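Given below, in the form of structure tokens, are the structures.
Two complexes, one shared chain (chain A), two partners (chain B, chain C).
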Partner chain A sequence: MSLASLAHPRQDFSYGFLDAFAKRELRRRMLKAIAIPGFQVPYASRELPIARGWGTGGLQVTLSIVSPTDTLKVIDQGADDSVNAANLRRFIARMTSVATTTDTLAATVIQSRHRVPEERLREGQVLVLQVPDPEPLRQVQPDSSRAREMHADADYAQMWLTLYEQLVRFGRFMQGASYPVLVHGRYLMSPSPIPRWDTPALHQAAHLTLLSAGREKRLYAVPPYTDVRPIEFEDVFFQVENMAGRICMLTGARNKFMDELPVAEGGSQFRLSDTGYAAKLLRRARGDAATLGATYFDDEGHFYQPGVIRAE
Partner chain B sequence: MSMPHMTPAELRQHATFTALMWAFSYPGRPQRLPAAGLAAFVAIGETLLDLETGFFTPHDDLVPALAATGGRPLPPIHAPYQFYPQLTLAELDLLVTAPLGTYAEPDRGATLVLGCGFAHGTPLHLSGPGLAQPLTITVARLPDELWRARATVAVYPLGWDLYLVDGDQVIGLPRTTRVEVG
Partner chain C sequence: MAYVAARGGEAAILQSEQLHQLLNAPLSLATVRMIEASLPYLVDRVMGEGSLYAPELAALALAQTGGDLYEAVLLLRAYRSTQPRLAYAEPVTQTELLTVRRISASFKDIPGGQILGPSLDYSHRLLRLDLLDQDNQEHSASAPPAATVSSDAPAGEAPPSYDPSPLAVADWQRSEGLLAAVPEVPPTDPASLPDLTREPADFPAPRAHRLQALARADTGGVLALGYASMRGYGLAHPTVNELRLAYADVRLRHPVTGEAFSIGRVRVSQCEVVNTQATELRLGYTATLGWNEVKCIAGAMLDLEMDAPQPHPAHSEEFVLYHTEPVEASGFCIHYKLPHYVTFQSGLDALREARATAADAPTEPGDAQ
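So, the complex of A and B:
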């Protein structure tokens, strides 16, 4: 036995950039997060060549789970081609040799900032959501230690009170993105700043969702087929954004989540937020081959699981 | 800059972690490990253990391999990762002392890796997160008292997270999975 036979060839970087200890710790924490849905598991968020707050939490999770046999999609607010998404995708590909795609159906790992793709994710896919603030109780309890005690006691009375006060003052729930959800009937969780439109997609989903906040050093998970219920009252229901009447200026799609583009002469035009889905619609319109997956919301705006959005 | 590639150890640990991740994500579905038999326990150990953690195993042959990861041998009352290739009733008395976590830190509940057989044995009816429909599996070579202890000692979110290993197959039973025997 020689030293050369025991050592691997010299590399400029570890596979996946992170060292073996970092990956092992992240993997231990991820397994605990999956075992306790919605519970924020602390981890030692490592330094990366990207500033904290720019997706380092999601990046560390992705770097720990991908292999060269995976196919990766990275999106930022639904867009594959934004600066943040392009940088993260290029970095991950350089560090892991992973294949990349913009097609939700072809991806095995999807890292996202603030959106869930329009096409339904399937079993075996992993959605990694970047999280700026993992604490859903922040607005009612700024002390993190006290907030953790409230999670331990399942004491969410202040959140219900906040919801009630919003109804009294404004006549509706005022929370937009990051709408708090109750996971497996136990932990209140921030689903990251995804729009309310995407929140029901986490309920009884076929895929695994991992959420990670690099700056706050917390990660948590929603396993497949797990109850994820937005908090609501028995007589006043959670609602998604109203996309009725909004038609994509490029594809003609309707009842999907749209970006609003102000026009010079006043008013707005709308464009599909999910650029990968829009590209496939355009390819199909040109007569090229494009496989479209079933979407969470149909063209009439109905969610695919009846009864989940009770305000429908 | 050269493109980083996986070393044999990284490849093995990634394959093991992937099996463990999907085993907890879809409880009751067997996942394939890159090693079989006692080597499967070592593979799980090298994937999860290092200087920051500790382990317990009553199996003398496993101790050196697990200690080589840097993990500290700890008594079962403290060990976050515990390995029982052949769980006996006497060892069950040790297992039931494993940490359950606390309400503030439920993630400190122990991960238990248990050897068993899947081909026949006691039917276990599973339900909970990760299961679109209730599922029945059969498990041999585990005392029924284990399931009684799991149901009575821990109340969610406290609990143990179980990996059942048979050959190169692993089934995950996280604490969220409800198990009914018979």
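So, the complex of A and C:
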């Protein structure tokens, strides 16, 4: 009997790339994050074969929760077909043999960089958002230990002040993506750089959202049916991006989040940012079968939960 | 070999250099050629920081120093400083570049197209362990499958058209009124441009000095300060408007005929970042010799923020440009290896006397009240 016959055949990498200890740590942190909505839970954050800051936080979460029975969708800025999304999907599939899809309705796990799909997510689905900067207080307090104290005291006065200053200087709130939200009346949270258009989708959502920042080593969560409110004043409200008048050049869709495409001769064209949704609209237009889910915003631009966007 | 023996001990210096060479592979022309051919990004980095475009010399510098980056940059700079200035090349413009990679993060698609070009950005960073033991059959069987490349275009279909010199994204933004127009500058005699290698920088520095300093800045230094700015200490939240890797023809005017002609091609990289947090877009820019994306992106971020009023180091032009100068910074850092026992003795003398005074004092300063 040789030593080699007693050993397992050598495998260069574990299932899901991460070793069992890393996965266990991540799952425990996720449970804690779900138990304290909006609270940033530190974790060790392993290096992955993808560049740091390119979605390694989301990737660690996804690799720790997918199993061979899952169906995975990966999007970057709404697109399934962008090189970054294609690359992450290729990597996860290679490491877990998970089935992949571009259809939001068919996915059980959706890893996303900076978008929530247009079609409403349902119970049982998990949205994993990649987070570059988990700290919503960073712009007013770059020192993380002091920011942590402010969270402990729920001392968010400087954020309101920032909003007020923007109002005075520019006549409106200037925050673009990553619009800060208050989770269940307790923790201020960065929803990751999703456009403001997607922020209301997190409020009283049926699905679970996990947010993870690999470089900054923090993860946090919004459990199903949790209040997520963008910060605003009683008389000046949070606004989503103005999509009025923008019509998708491919599908004719309107009142969805649009990509602006510069035209060399001047001016711009528009295209649905959510490519999975656009593909289904095109299939249906061709007369092929395509199941479209209900969307967060209807064709008139009204959000499905009345009263959540007070500026409407 | 005692340290003090280095005081004028020529033999010690020779022995020390010899030992250094013994620990490295023998210096040979083959090594130099191999470095130039197989480590182009390292060669580019040394050329950029050395501010001398000479791949063969940069490879030689790397071979000679065993890959010590700062030593290699110093070798190249020391050589460069001895070279006469024979002529001034014509300005290189965007539309004359032979662009091989050009991406914009601001828009999904841009006029002229996103050109991914050569990049490891989307590679899976898995060590090719199979390469190390190719003789081990069992192992190579479990190695990750090598990626296969196939063309997207179906057979018989023409490949997408490729414009090697696309218009800048910023030009579209200018035509849309989002970005201030480029100020009209009368044609300048290149010889009259401020030249950082011929005159010291004074602050606030002329634009030319700032861009020259960034072009030859230490990649790691620019990255550290740029990253601090990006991560949380900056005021802007810029987007990469355009990042380009390209070949540029170096064109001279013939001294007799006055005709412009190319004397060779250099690899160049440039990055332009844009900030939206105002009523008009603002640009930051860095370009360098060789392909060095990290330096160009971080440098462009710093260019955008270097005049900000907030008292953070990365917001001061002087702080950024002084401390990212690789030859000066590394040189001063390693000067601490020189004997300092005279100055140290002087300080020690003061310290001892202060201790004695404190010991003689009747009460501790804290007991004064």
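The rule is simple: the second predicted complex is superposed on the first by the 302 of 312 C-alpha atoms of A that agree within 3 Å, B and C clash if a C-alpha of one lies under 4 Å from a C-alpha of the other, contacts with A are read in each partner's own complex, and residues count from 1 in each chain.
Methods note: contacts are C-beta pairs under 8 Å (C-beta built on N, C-alpha and C of every residue); 3 or more make two chains touch, one makes a residue touch a chain.
Everything numeric in this text was worked out from a predicted model, so none of it was measured.
By the touch criterion defined above, A:Thr199 lies against neither chain B nor chain C after alignment on the C-alpha atoms of chain A. By the touch criterion defined above, A:Thr104 reaches neither chain B nor chain C. Legend: residue contacts after superposition of the two complexes on their common chain; A:Ser212 is shown touching neither chain B nor chain C. In the superposed model, A:Thr96 makes contact with chain B only, not with chain C. In the superposed pair of complexes, A:Asn84 makes contact with chain C only, with no contact to chain B.
Once the two structures are overlaid, the count of chain A residues touched is higher for B than for its counterpart among chain B and chain C. Judged by the touch definition given at the top, the superposed model places A:Thr56 against neither chain B nor chain C. In the superposition on chain A, A:Gly266 contacts chain C only, with no contact to chain B.
By the document's definition of touching, both partners, chain B and chain C, reach A:Asp12. Put simply, chain A uses residues 11-13, 94 to touch chain B in one complex and chain C in the other. For chain B in complex with chain A, the touching residues are 1-10, 13-14, 17-18, 20-22, 24-26, 47-53, 102-104, 106-107, 109, 111, 129-132, 156-157, 161, 174-176. The part of chain A that touches chain C in the complex is made up of residues 9-13, 48-51, 54, 77, 79, 82-84, 86-87, 90-91, 94, 133, 135, 138-139, 142, 170, 174, 176, 259-264, 266-268, 271. On the chain A side of its complex with chain B, the touching residues are 8, 11-17, 20-21, 23-25, 27-37, 39, 41, 64-65, 67-68, 94-97, 123-124, 148-149, 152-153, 184, 186-187, 204, 206, 208, 223-227. Contacts from chain C toward chain A in the complex involve residues 107-112, 116, 121-122, 124-126, 129, 138-139, 142-144, 167, 169, 172-173, 175-176, 231-233, 237, 276-277, 279.
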